[in-house]
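Worksheet: one structure, shown below.
Read from first to last, the chains carry the letters A, B and C; within each, the first residue is number 1.
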Amino acid sequence: MQRGPSGLRGWVIPVLALVLWELWSHAGTFPIDTLSRPSDIAVAGARGFIDGSIPLATWQTVQAALYGLAVAAVLGILFGVILGLSPRLEGVVGPSIDALRPVPSVALIPLALLMFGFGLQMEASVVAFACLWPILLVTIAAVHGVEPRLLDVARVLQMSFAARMFKVILPAALGRINVGLRIAVSISLIVAVTVEIVLNPRGLGYSMIGAQQSLRPDLVYAQLLWLGLLGWGLNAALNKAVSMWPGGVQSYEDVQP
Amino acid sequence: MRILRSQWLWALLFAAGLLLVWQVLADQKWISPVFFPSPSRTGAELVRQVAEGQIWAPLGATLQRMFFGWALASLLGVVVGAAIGSSRTARDYLGPLLEFVRPLPASAVIPAAILFLGLSNEMAIAVIAFGAVWPVLLSSAHGFVAIESKLREVAAALCLSRMQLIVKIAIPGALPDILAGARVSLAIALILAVVTEMQASQPGLGQNILLAQRSLRSPELYAGIVSLGIMGFVVNRALLAVERRLLRWRVAPA
Amino acid sequence: MRTSPEGVASSLGGNPPAESVSAVSVRRLCVSFASAAGSHLVLSDISFDVRDGQFLCVVGPSGCGKTTLLRLLAGLLAPSAGEILFRGQPVRGPSRDRAIVFQDYTKALLPWRTVAGNIALSLEACGIAEPDRGERVGALIEKMGLQRSAHQFPGQLSGGMQQRVQIARCLAQQPTLLLMDEPFGALDAMTRQTLQDEVARLATEQRTTVVFITHDLEEAIYLGDRVIALGAGRIAETIDVEIARPRNQLETREDPRFLAHRHRLFGLLQEH
């Protein structure tokens, strides 16, 4: 992150826009129903935090995201390693995976609703479906990238499958698996919010729809801003975490499906 | 995914095997026919929808929404991406703002969009464009930044004007990146088209699936999911074909 | 880049080269680059003249500043001190009548345009429209022997062919001065020899002034009317090659004058 003139420049447009927005909002022509005063938004946001509604909604969203992510990670890494180690198996199962992949995860929302009803499980299952693919594919690629000599060493030492998995393969592949996990983390948050917006009555998404329906634009924008901060903070934290990991891969150009 | 030609037969058998198991389980009622209709019922439903022509209207609606949103996003993405990629000043002023807006889930913008545009097709297209713009914007920016410096020198030696530089060198040079980003944008546009349909009760495949769920008509639900999957696959392939044609000058590095 | 109004008088058309007019004049040229380790003097106190229609070769080991000199002549770089005059006018930026053939042809050709398209780029830059443009492209393709590859992409061509395309593109500019930066360095020996003869022939036919950079001593003597040897940023020696044209790969290289020059320069370059 650059300091100095170029760092400050990035603030110019947002600050200017904010000031103009606030000034305009005190004029008669301001569409108070659809936009809101920045000051009102700030107040609504503060209130939401103080009375606990925003933290609660946030937790609900994060909970579903984490739940789905965990399921996807376990399944994705497990099957990713298995398929990665066996090109034969990968060739047989591959096309079926390729057939399932293009299905948009959101299309499964009604199916999940059918199976689980409203609530945490339904949301987590859609998140899990969406996050499974990046993790699976990246893990397969990562396992392919493991130095074959290491695998030979494991075989010569006659290590059990579990030992091979946890002592050799996973640590060697973890650097690249990280990339898939990062993608999946961003996806998990997005999908969770999406499910809430469409129909699940919990979390930040539902809270925003509620605010829109009760004609509280200030609350809508306050939560939108909060969500943006969350997403940005999450990205920044992930970037920091990856940069501290030895051998972590920064870009995902070569593992994009 | 590395798949040898000889393995295609096995792969097909594997997939067929999965379907067969599912079919048997459903017929024997070991799994609930409400939640897991057998492949035969799903297939029959799909065939019926195609034969009776019911599928084309919602398919067309979803496609149209997706394309308009994607086209808008691509145009915006290339223009802004080009500006950011080629101008230090633009990068400084717009960069941090874009970095903040980008991680925002596009669907989260829906409530705000409804405030402005109501539950309408316009709202859907606006949301789709918002969500789909990022991949093509980022890859365009990258494409413009990464223009071979030698080509810039060639342009300088030939005394090309700024406009000539942009049209003859910058844009063709950035095209591979732009097209790659456009493909990802298209996938996002499809997802958002479905989301906005479900949200705003707009006619389309997404809404069909939702309605099927409400009336517990699961073969229709599954048929709808399958249709969406097929549509996503076909559209992606079509774009890949266009990309290959436009970029046929690319040779594998020796 | 500031462009300057340059005389665009082309030497095509048979004007006999005037002995007293220099196409290029370099006076007390100095170039230094700032780096983390301090200021680094690349060229110091370089002065020479190039006559109209003359073929000048600049030879020297890697890092002696040859490429820098060429970029200065092209106007892509400004000197730290001294001046460069082109037809009496100071050089202030690139210009279309000083064409430059880059060493790395893979990066200097537009990969998305065919051979014909790449050659056309120069003509488009000069503002020449169809049908003129098409005719000229056709003529250049003939001249450089690119008929069979006219509609192929650079990625499909061998190194030698790609370099021919670059040369064709430069010739399309109808330049008064042709600058060549080790153009045959990356090619195999046979292709190199073929292209050497072609360039020599073209230069004689068009009476173009050429400044040719190379690290290959024999190539420099074979091609040049005059050879300047650079060492550590200074001119170590200037040699006039009086062997008549057209020259021949076999006979010229065994000519006693050739061998004498070679001995002389070999010793000089070894010292640096």
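To be clear about the criterion, contacts are C-beta pairs under 8 Å (C-beta built on N, C-alpha and C of every residue); 3 or more make two chains touch, one makes a residue touch a chain.
These numbers come from a predicted model, not from an experiment.
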Handout entry: Chain whose mean Cα position lies farthest from chain B
Key = C
Problem - Two chains sharing the most C-beta contacts - result: A-B
Exercise for the section: Grab the C-alpha centre of each chain and report whichever is closest to the global C-alpha centre. Expected result: B
Problem - CA centroid of chain B to CA centroid of chain C, Å - result: 50
Practice task
Averaging only over C-alpha atoms, locate the centres of chain A and chain C and give their separation in whole Å.
Solution key: 56
Practice task
Compute the distance, rounded to whole Å, between the mean C-alpha positions of chain A and chain B.
Solution key: 18
Handout entry: chain A-facing residues of chain B, complex
Key = 1-4, 7-8, 10-15, 18, 34-35, 89, 92-97, 99-101, 103-112, 114-116, 184, 190-191, 194-195, 198-199, 205-206, 209-210, 212-213, 216, 218, 221-222, 224-226, 228-230, 232-233, 236
Fill in the blank from the handout: In the complex, chain B touches chain C at residues 148, 150-151, 153-154, 156-160, 164, 168-169, 172-173, 175, 247-251
Problem - List of chain C residues in touch with chain B within their complex - result: 1, 3, 74, 76, 94-96, 98-100, 102, 104, 107-108, 110-113, 121-122, 124-125, 153-156, 173
Handout entry: Residue ranges of chain A in contact with chain B within the complex
Key = 5-6, 9-14, 33-34, 87-88, 90-100, 102-111, 113-115, 137, 140, 186, 189-190, 193-194, 197-199, 204-205, 208-209, 211-212, 217, 220-221, 224, 227-228, 231-232, 234-235, 256
